[in-house]
Structures are given as C-alpha cells and as structure tokens.
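Can you read through this structure? Questions will come right after.
We just call them A, B, C, D, E and F in the order they show up, numbering each chain from 1.
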C-alpha cells in the first residue's frame, strides 16, 4: 500500500475508490431517472390538492388557470411572499371566482391556506388548509371542513377582518369568532387574510384582472 | 422510439450522475488523504480486545469499565483473566489477540462464605435498630455476640450483579449456578467473611466459620462455630488450626478419605461442602457422623 | 459509526446496557434464518432493546397510519441497503466503507421519499422530514455494518425483514395506544364510546415520550420474567 | 431484668418533627383557601377537592401495593398533592378529569420517579399541565363564584349554558388591547383580594392564601426565601412595565394578587422536594420562577404562567443545586 | 450572679434539650472497687498496645500492663491491685471485640482511689517542671484526649518545629446534652485543672491560653474567672464564654467561635498554630506531672431517666458498665438504650459487660420516651429535601446528598460532596423531619471508603 | 448608543408590547429566530431530533455538556454547508432529488475530517469532546436541522447560520437539563424496570410539558 501511495497516487485512488465512484454514478442515474418518471406525478399531486380545496370552495369551478403576473405581498419582517392568483372557470370557461395560496405563522408553525373569492373579489368563498401543524384538539380545528370556524368565512366581505372572542358565529360579516382555546391560531388565520386580501385585490386591479 | 426515450433518460440523468460522481470522488479523495496524513497511531489491539470483552462495564476486573480494562490488558498482559463475567472464552479470545498462551491452572475462582450460622444459631445481646446494611450494622459492635460471623444484612447481596447471592434465614448463601466469580461480594463484606478460592472441584469442602474467639466463647455465642479443637487437622493435612480456627488449603484440595473423615469428625459440623448441587450440611448441633458409627 | 453505537452502550444505564448487550449477542450468535427473523422482533428489537431509531419512533406515532408508512419505508430502505451491501461486501475498502453505506442508504431513502410524494402525497406531507431522516437511523447503518457486510444475501435479507418487522410492529403498537387515547379512533375508525373525551396530550410530544417510556418499562419487566 | 436494649448509630435523640407533621402543617395552611373555595364555588369546589384528594391517596396506595413497599399513605404528601391539584383546577372541571389528573400526578410524576422526595417535577403542576394539554376547553372554562352579582361586566354567556367569567388575568391580558379594559381589570383588584372573581378553586382569595402562608412561615414549615424571591421578582418585573406604560399594563398588585401568584409563592414554589436545597439556590429558584411567570403572562401566549414557570424551574433545579454547591466550612480541601 | 452571655459562635448547629439537671449538681464521687476489671489494649487512636504482663501475674495499681513502641500510642495501666486472669477478646464499645486484660481484684488489698485535687492550689508553679519532664510524665501516664477522640496527648503537646503552636485552647464547652463531668471538674478541681492547663501550655510552648466555655455554665465561668484573676496575670489566660449551641465543643467550631479562625478542611488545628485540649485531659496532665500517677481513673457522668442514681463518679478505667450500673442503683424498667457518651455522638452499647475506657466521659441511660422516636428505618420516610440538614451542618456540607450517595454506593459522589469533612456531630440526623440516619450513612460511607483504601493499599 | 444586542432586545420588546409594527431589522429577526429555536421549537423536545444521544449521553453532566458542544459545532458546520450546497448547486440546477444524498455526504465527510483533524492536532480537545463527533453523524438533529432549514425556506445564509447555532444550543440546554435530572435520579428509588432509558423518556415527556410554557412567545 505504501508503495502505491508514493508511486502512483491516481492509481491508488482509483483502486481504493472505484466502487464508490461507480456506485455514485449508478445511484445518481437511478435517482435522476426515478425523479424524471415521478416528478410530473408529484407536481400533479400539488395541483390536484389545490384544485380539490379551491374546487370545494367554488363549487361551480371546473378548472383553475394562472392569471396575470405573480404578486409580491409584503408579509412583514422585511419579507415578501409571492402569490400566483388562479382564475376559476366553469365548464363553459366563464370566470366563477379567484383562488390563491397564502401563508401566515400559526401557533406552532406556518399555516398554508387556499383562499377563494367570488368573481368580483368582493366576497370570500372561504378557505381551505393546505398545510398546518397546529396542536391537535386546539388549533387544528381550523382544518375541519365546514366547521364553525371555516363557515364564518363563506360569504364574508373582502375587507379588514376582525377577530372577537365572544360573539355570534352565525351571522356572516367581518367579525370572526375565535375558536375557544385556540385564539392564536384563529388570529393567525384572520391576520393572514388581512395581510393578503387587500394588497392582492389592489394588484389585480392594477393588472387589469378585475 | 426506444432510442429517443433512452436519450431522454440520459439527458435527464447526466447532471445527477455527475454531481454524485463529483461529490463521491471529492469526499473519497479527502478522506483518503486525511486517513493517510492525519493517521493517529492507535493500537488496533486495544480496539480488538475491547470488542472481545462483554461490554457490560461491571468493573469486576477492577478497572473503570471494559474500555479501560482493554487498554490496560494490552499494555500489561499479566492482567489477563480478570474479566470474570466473560470467563475463559473471553480470556482465550484476548490471549489470541495478544498472541499469548493462557497460563496457570485455570481453576475458576468462586466465593465461599466462612460462616454457616443461621438466625436460630446466633446469639444477640441487643436489638439492632439502625441502617439495614452490613457495614452499618458492623459499626455497632457486640449486637451479635459473634464478632466474626455473617450479619445477614446482605452487604454482599447488594454488590452481586448476577442475582447469585441471597440471604436465607439470616445467612448469605451463594447460588453457584448464577455466580460468575466476579468477587464483588467479597469486596462488599465488612467482616471479610467471603473468600475467593480456586474451585478445583465442582464442590469444595470448606470450614464455614471465621471466629477467632476461644472455643468456650464460640460455643456460647454460636451453635455451629469452629471451636478450634484441631480434630480435623489431626485427620487430614489439608487442614491447619491456628488462632482457634481451622482452615482448609483450597489450592491442594481434592476429595479424599482423610478429608471426608475430618469432615465427619468435626464436633460442630462446621466443615461443609460448597458449590453447585453441594449436599446439605449436617444439621446444626447434630452429633458427628463418626460417633454414630 | 457502529463504534458510535458502542459508545452509547458505554454511557447507558446498567439496565439498558444488559439489554443491549444481550440483544447484540443474540444477533451475532444466531444462525438459523427463523431465529434471525424473530431476533429482530423481540430479542434485539431495534427500538425496545437496542434503543436505536428513537426519533422517528417518537415523531410519527401520533397515529397508526403514518407509523405504518414509516415502518414500511424503513423495511424498504433496510432491504435495499442490506442487499446492496451484502452483494458488494467483498469489495468494500476500510476508509470508504461508511461513505459507501451512506451513499446507498441515501439513495434508498430518496427513492422511498419520491415514491411517497408521488403516490401518497398526504402521507408524505404528514411525515415531513422524518422520511429523509431514515438516512441517519442507526438501525440501518448498524445492520449494514454488523450483518450485511459479513453475511450472504439470504441472511441479510431475512435480517432486514426481521429488523424491519420489529421496528414496524413497535411503531404500530405505540401509535395505536396514542391514537386511541388522543382521538378515540384507530385508523380513523372510532373505537371509543361517544362519551370519551380525547386526551389531546397523547398526540403531543408528552404522550409520545411517556408512552414509550412505559412500554420500555413493561418490556423490561417481561424480559426479566422470561429470562 | 430489663428487656433487650436497642442499639443504633448516633445521634440517639431527634427533634420532634416528622414528614407527616410537615405535611400536616401544609394541609392546615391550605385550610383557609379551602374554606374560601367552598364559600365561593359551593358544592362544586367540595366535590373537586374531595375527588382529587381521594384519587391521589388511592393512586399512592395502589402504587405502594404494586411495588410491595411500606405503606406511604400516612406521610400525607399525597393529600397535599391532591389539595394543590384541586386548588389549581377550574371549578367546573368534570370529576373524571380530576381523577385522571390525580392519577397522572401521583403515578407518573411521583411514584415512577421513586415516590416521595424523588420526583423532579411538582406532581400537581405537571398534572395540571397534562390536563391543560389534553382538555384545553375544560381547563379554561371559568364559572362565576356563587357570590358574584351577575350584573358585573366581565360575565358572559357563551354558546354553552354555563355562565362564565373571565379571570382577572385574562382581562389583564386582553387589556393590552385597550385602555378601558385595563381600568376595568384594575377595578377588579379589591375583588381579587377577597376572592370574589373567577379562577381556579384555590387561587381566587388572596386573603386566605396569605393567612395560610403566614401560618407556614410561623411554623417554620417553609422559610421566607422562596416566597420573597418569587414575589419580589414578579413584582419588580410587573412594576417596570406598569410604570413605563400604565395605560397598557395592569397594576403590579393585580399581578401579585391575581391568578396563581400567591398560592405559587407560598405553597407550590416552596415544595421542598422540587426546589433547591441551599438558601442561595432558593433565591435563584424563586427569582427565576417569579420572572418566568411574568414573562409568560406578559409576553407569552397564556394569561397565566405559574404552572409552566414552576415546571421549568423544577427542571433546572438539579443544575441550580449543582451551581450552588456548598463550600465546606474549612474551604475546599486541597487534595480530595 | 450576673447573667453571662457568650458573644461568640459559629454558623450552623442546633439546640437539643440540654438535660444537664440530672447530674450537674452532684459532686464527684469515687466508686467502690469492683470484683474484676477488664482493661482494653486499644483505648486510643493509634497503635494497639501489647500486654507487658502474663496470665496469672500479679499487678499493682498504676503498674503499666500494656504498651506500644509506635509514636502515636499510649501505655495502659492497671487501676487496681490484683492478678491477671486472662488476656482475651473483650467487647469494646466502638470497635467490637478486641484484646484486653482481665484482672481479678485483690479484694483485701485495695482502697478506693481518691481524687488528688487537694494537692493543687494557686501557688502551683509550672516552671518547676521542664518541658521534657512534662512530656515524659504525660507519656508514661498514658494520657490520651478525654474529650472523645482519644488522641494520645503527648503527641499533641510535644513541641513540633514543623507546626509551632501559639494558642492553647481549652475545650470546656461540654456541649453534649446530659454530660457534666468537665463541669464538675472545673468546679471542684479548679486548681488541678488550671495547673494542667498551664503545664500543657508550657510543654506546647503556647503564649496564649483561652478557655472556651458555653454560657449555660455561669458558675464555672465565674469560678474560673476568679481563679485566673487570683493567678495574677503571669500568663495570658482568658476565659471566653461562647453561645450555648451544639456542637460548640467540636474543636473546629470552637476555634471558629473563640479565635475567629477556620481550620482548613482535612487539616488539624496545629496547622494554624492551635492546640485544643479537653478539661479532663488537663486535670490528668496535672496529676501525672505532679504526682506521677498514671491515668487509671476518670470522672464519668451517669445520667438519664433510666438509671436510679445519676451523678458524677470517679471510676477505675476498666470497670464494666454493668458494675457501674449496679453501683448506681440499677436500670429502671423503661430503659431502652445505654449510650457511652452523650446522646448526640455517643455509642450505644449492646453488651453491658463492656468495660469503660479512657474516653468514656459519660453513660447516658435513655428511656423509650427519651429516644424521641426510635430512629429506625421503619419510621423513616424518604428525604423530602427540606434542606434543614444543610442549614444546621456546622461544616457546611450537604449531608443529605452524601448520605444518599452512600446509600446507593456512589462513593464518587459522596467524596465529591466532601464526605471526609464530616465531623459526625449528628446535627443533621437530629433535625431531619424524615428521620433519616444521615450521620449513620456518612459513618458507613467513611468505613466503606476506608475499606476500599485498605484493599488498594 | 445602545449596543446592537441591547437594541435588538429593546426593539423586540417594543414590538411585542407596543403592537405598532415597527420595521424589524435583520438583527431582530435573527434574535427571534435564535430564541425561538432554543426554547420554543427546541429540536429535542418539540421535533424529536437527536433522541439517541439525548438518552445515551445524558447520564453525567460533564459528558452531556461535551456532547452538547460537539453537536453545536457540527450542526453549525452542517447547517451552513448544506445551505450553501442547496442554494448554490441544487436549487439552481433543479437537482433537488440529490438533496438528501448531498446533505448526508457533506455531513459525514465534514465530521469525519474534523474528527481526524482534532485527533491529530488537538488531542486534549479530542479527548474532551472529539470522541463524541463520530456518534453525531448518525444523529438526527444534524440532518434534521438541515432539512428543517430547507423546509422553512430560510433564504439567507446568516439566518441559516443563526438557526443552526441556536439548534445546537437548544440541544445542549435540553441534554444538560436532562443530565442534571438524571444525576439526581441516580440517588432515588426509581422502580428497577424503569431505570435508565424509560425514566429518561418519561422525564423528557414532562419536560416537553414544561417547555410548552414558551409556546407562542416568539412567532
């Protein structure tokens, strides 16, 4: 071994590590191929999930397409979040509403929401949760589809929303009643709406979408 | 068609393959160079010995753990054979690693307890009311009339990691099936009643008393104590009597007529067998077998 | 790295040490295939006896479904790495052995991750980074080092299956307990009476740690009784 | 002649003091608070207290039987744990939840660690934390004391039928949002002192707790160090904020008398088992607890921080003990 | 009489009930000669003596019957005229069965030995004796510390160039409950005691003499103060009242209280130039130097509810406990414990045939009621970490930690928390509400450690 | 002039209590992120990362501290390196599929290199904390942190570094607390079947309950 070392380092290197190198190439190829084969499916999964959530909110919508440029929303701390608004169309291709993904910080972690509005961007069609890590039994109640919390957003006006602890959850207005014991999560959702709704509306108007 | 899809695959795969190759060779190179340039000479024997040990860190060898024993035994092969739990297998394996021959008789060391006084055989002057433990009890003298016998608070039991010792009827009793000969019990006894002896036989004869008290006192203090009468040493040269106490030379012991006679003649039934499946000793106070003849 | 696990052994409590060394001994001494398989399930169960792979054990057992998925992913990765390592075992060079293991395992894990993302997106999302963390699960590299690099293909496969099964079963048992108490359901089927108020804490880290602690205690009792 | 004499190591005499007596004193110290609880919350309170104490004692007894240990029931520590747990539960807690909490306290937090004296965490607080994590809703439903005039402002009937009232601290917390509510919260101060407010069973009446605390101090069951450290640290913390911005932060007195502060200072932080041994350690422990309570109250997500502050300080108690290791009277020996 | 309040004290300590009333007003009474005495060959720290007499040999009172050539050792003497009956194992109050010499008393030819205090008065002049003379007398008289530890006194007072002594501190605290022997010696043998003090100071080369005495003994303080005045200030002697607190009499504590100095952990007083002697020891020095008598008798306090006639007795060393009990009218029905020494540090005796030794300053007879709650495991609870033991420990240790470390055989931890710095005063056990035998565990720990060391060595 | 740290703390307070949203400067973000990952999102107690050493090396305080230092060192190194690799090589070239492979190779290689280096040139340092290094490669906390940094979409290097250091310190904190507790439990009458790992897990469970107190302090 010490002979090899001194005589021909390259040969020595190859002797020691050819197996590793060959496997590296093989494994690299393997992964690339698998990825190539499955990537479309993975992307489709995401689209499907969005469509399922947004479709659940805008029941007439049959499909969603990107509309306009992506919009940069200031989410504080000097950071921005880029939103791609999608246009929901019915079978005939008519505009039935808008939907987009946005996020805010919840109790435990980030909460990603799908928010949908009517065609005029005047009234909310509600929201769905794309991902959240809130405490089971507390914050994760926002993920209950058509639960009392989610329902309050169906038909609420696109304005500054307000969270209250006590109130009537039945009336649909800009006052949102918090989930008892999960004020933080409830507030995070409301805050997310407030951060995104109006800037997006403005930007869409600028882009001439509205 | 086929070619096209192969081309596409290759097209997809080359960057990944290249990246993997690049990283792979980079690290392979670095590690190779490092392993040569930064080599620290550690005796590979230490590692090998460590692996051969049972790795339970019981401390029987007298070192802080298997790792430090490994280090020690490599530098000083005389320490071979100290790992009791590993037994001869381990010793042989280490000897193999160190290219040594295991020497010596190799009779396993096992503990014997030099006392056979159960609760009803003992005399007490007072009630001991303190910490349950032999060292503590021994620090309150004269509670138990015999200052040499087993206190029965299990100082040894607590040391044994192999559940091989139990207090039965006020006396520590060794379960030779479970005992590994680690010697921890001997270190745990404040009265130094436990002696590690070479078990040249499956069952060993022993004088189960430690009392250096004169015969008269021993008789009043304990029903089964050795009174130092010297009958055994007259029968068999394996026995010696000194300081009012008989002792057996364990290293030379093997079963013999003479030894058996000595045992039978003992007026207090103090010479007994110890070991796996040892026969039960004569009952306390029972007449010597010889006189029954 | 296996030396690494050896080191943990040094600093563990006596209780654990005896368990671990018993487990490791059993592993190396057993020869028959059946025994090899069952060793992984009880005598040297990776979680309960060797205390390896605790992170995923705790992290994914809030419910049975992710636990099962995790278990099966580990089985896949174990199989993959054991097979590859076993096949290449004569070619391994000392300095780069570990690098080779790592490479193999990372590949297998990436495959598993891609598969989950493609075909079980929900599951993939809920398992989050714990699937890629299989790479550093000591069980896998431990088996590669201790079994696959010394044994033939068949033994390695059986070993992987046994270890994997032991891991999966443990995860599922733990998850079942936690899921029932935390939600009243199991596999999303309600099993507790309607009046049962779920113990949300069981779904949180507390529940994970305490339940696993109690299970380990129970295993200690059982193994002491049967020893 | 005489019967057998006994022998044991010195000393042969001892002070007339026993664990049972120490615990008994704590129980006596808790009596005023118990009376207040029963006065304000009536039958509910009595039932919860009874359930917790019984369940704790039962758990202790069962664990003793299983471990085949000397019956440790009569050292009364389980009774104290049960009382403290009951006092830190909301009055409307269902009794089954109280039983789960008691079992968690005694079995998981005390007996598994080796029983009295070995537990790292305060059993009652750990159990409360477990209940809070499990049954958040139940643990934040505050019934109105039976003595309260239902026309008082902060009483609301939510979706459920129970009439609930926000606790003073909850008001102080939401008060951060508006001046009017701060004043209102401050107006609560008098009621808070007497106990005429919503809250956990044992925490509402500051007066009762003070009486009990003084009793313990007089009996020397506790020393003044921990309570003083807790109250001073919390008081200073709260006062700084109050004087910087009285419009937004409530009166420090509300923080001292509101919520679990007093029961914490006199009965919980002083739990000898989970507090440091040395005097210096006690000061650190108490000050840490006081500061953490205020940090959680003012900056955290919860209106009250006693339970978490205590648990966190319990966790670092071994480290505090180590840091405050005593130096022998003759200085550290040169060679050990 | 003006009330005297000690100003000085040390941090820590506790206040067990003093219980001195049993014997404090009873003057020293010589006891009649028993039929047999048993003189132990091991009565002090250091080497065990070798008998210098044989079985059946006749011995005279004061005759040396055992000696050792070791430096740290002291000879032993027969207290009576008689014949050696046996040299055998005998019960020792502290170390179990050890060799001793049993002497049958020659009943016709024995008188009760009377104290020699009458031979001393204020005119006694220590300058009449050279340092060598004093040291030889102390050595030949077999004098050992009578305050408890039994360290050979000669070693303590002999000039040692390596550790020059400046201050002689007389330990007159007698802080243990029940014990009054030193108090009576100070009251009745005042001049003999002071003679001893001055002789010791001369031998040790100490310029200053301080007598530390607890303020619960105002009479003794007054008597001594007056006597010192009468001496006329030739020497720098001061009587220093200190606060009554247990263990004020611990030498490290007393040095802290009286001199404001601390003895470094693990060291002995001479390292800071202090020599500490007990009252009884000084009296013995005076007797040995002035009359040539060896240490064969000492004052023993007999106290407690369980004995018929408590008092202070002048007893031959080697008298058996049972004989003294008989002389004092026997035990009462309620007796539960016989303690050699006081209740805080004394040794409970199991075998009443145990002979008295040079260090046995008292026999305390405790009833069940006095042994408040018998301290045994059944009545213990686990430690509730109340910290009381830390507060009272005069050595500022963490007794509970040490005790638990010993309990779980973690000698490394015990040592880390200064196991060996414990003076075994018993304060921690006394105050512990959980009733844990903390001191017992610590003592056990020291034994374990000694054993481990022996094995290594 | 207040020091930067004081200013950071100060403005955090302002923000927390004044409610008007001030412009948060970077320092503040970093500070919050740091405190967050040490206390609020402690890797061991909330994310279950690094449990093996947490159980294995928490028997003695000095060992635990050594382990904590080693982890802090390695996690800082790994977090930084992997962030760079991720952003320089992988994201640009859409080779994300190679992420895990690259990460683990980088971590394993770097750790091994550092270990050998220490062993050769700083034997004293190696004895006190280098011996832990090889164990750490198979420690979830390292790879986990790298993955979380990626998952949270941390897009600047400084933040990644601060989070990495914080993660290491959080680990050190948790393991030292546990070591203190375990040293006490050694002198307690813990039921035999629970001694060792089981009681450590149960303690960790209650510890997570305690750390919930920090929840929501930083978001």
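We take it that contacts are C-beta pairs under 8 Å (C-beta built on N, C-alpha and C of every residue); 3 or more make two chains touch, one makes a residue touch a chain.
Note that the coordinates shown come from a computational prediction; the quantities given were computed from them, not determined experimentally.
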Among the chains, which has its CA centre at the largest distance from chain A's?
-> E
Pair of chains joined by more contacts [C-beta pairs], D-E or E-F | D-E
Any idea how many Å lie between the Cα centroids of chain B and chain D?
-> 51
Counting in whole Å, what is the centre-to-centre distance of chain A and chain E, each centre being its mean C-alpha position?
-> 85
Could you please state the distance in Å, as a whole number, between where the Cα atoms of chain D are centred and where those of chain F are centred?
-> 32
Note: chain F sits from chain B at a C-alpha centroid distance in Å of 45
Two or more other chains in contact with one residue: find those residues in chain D.
-> 5-9, 108, 114-115, 117-118, 130, 133-134, 136, 301
Where chain A touches two or more other chains simultaneously, the residues are 16-17, 20, 23-24, 27-28, 31-32, 34-35, 107, 137-138, 184
Chain F: which residues touch two or more other chains?
-> 97-98, 101, 105, 108-109, 112, 189, 191, 194, 199, 202, 206, 209, 215-216
Based on which chains are in contact, what kind of graph results: line, ring, star, complete or other?
-> other
For this entry, which pairs of chains touch?
-> A-B, A-C, A-D, A-F, B-C, B-D, B-E, B-F, C-D, C-F, D-E, D-F, E-F
How about chain F: which of its residues touch chain E in the complex?
-> 186-187, 189
Chain D touches which residues of chain C in the complex?
-> 197-202, 204, 206, 210
Which residues of chain C touch chain A in their complex?
-> 62, 88, 91-93, 95-96, 99-100, 103-104, 107, 110-111, 114-115, 117-119, 121, 125, 182-183, 198, 200, 203-204
Would you pull the chain B residues touching chain C in the complex into a rising list?
-> 20, 24, 27-28, 31-32, 35, 54-57, 65-67, 161
Residues of chain E defined as touching chain D within the complex | 10-12, 14, 16-17, 177, 252, 256, 262-267, 331, 333, 335-339, 341, 343-350, 352, 364, 366, 370-376, 378-379, 381-387, 390-391, 394-398, 400-401, 415-418, 420-421, 424, 426, 429-435, 437, 439-440, 443
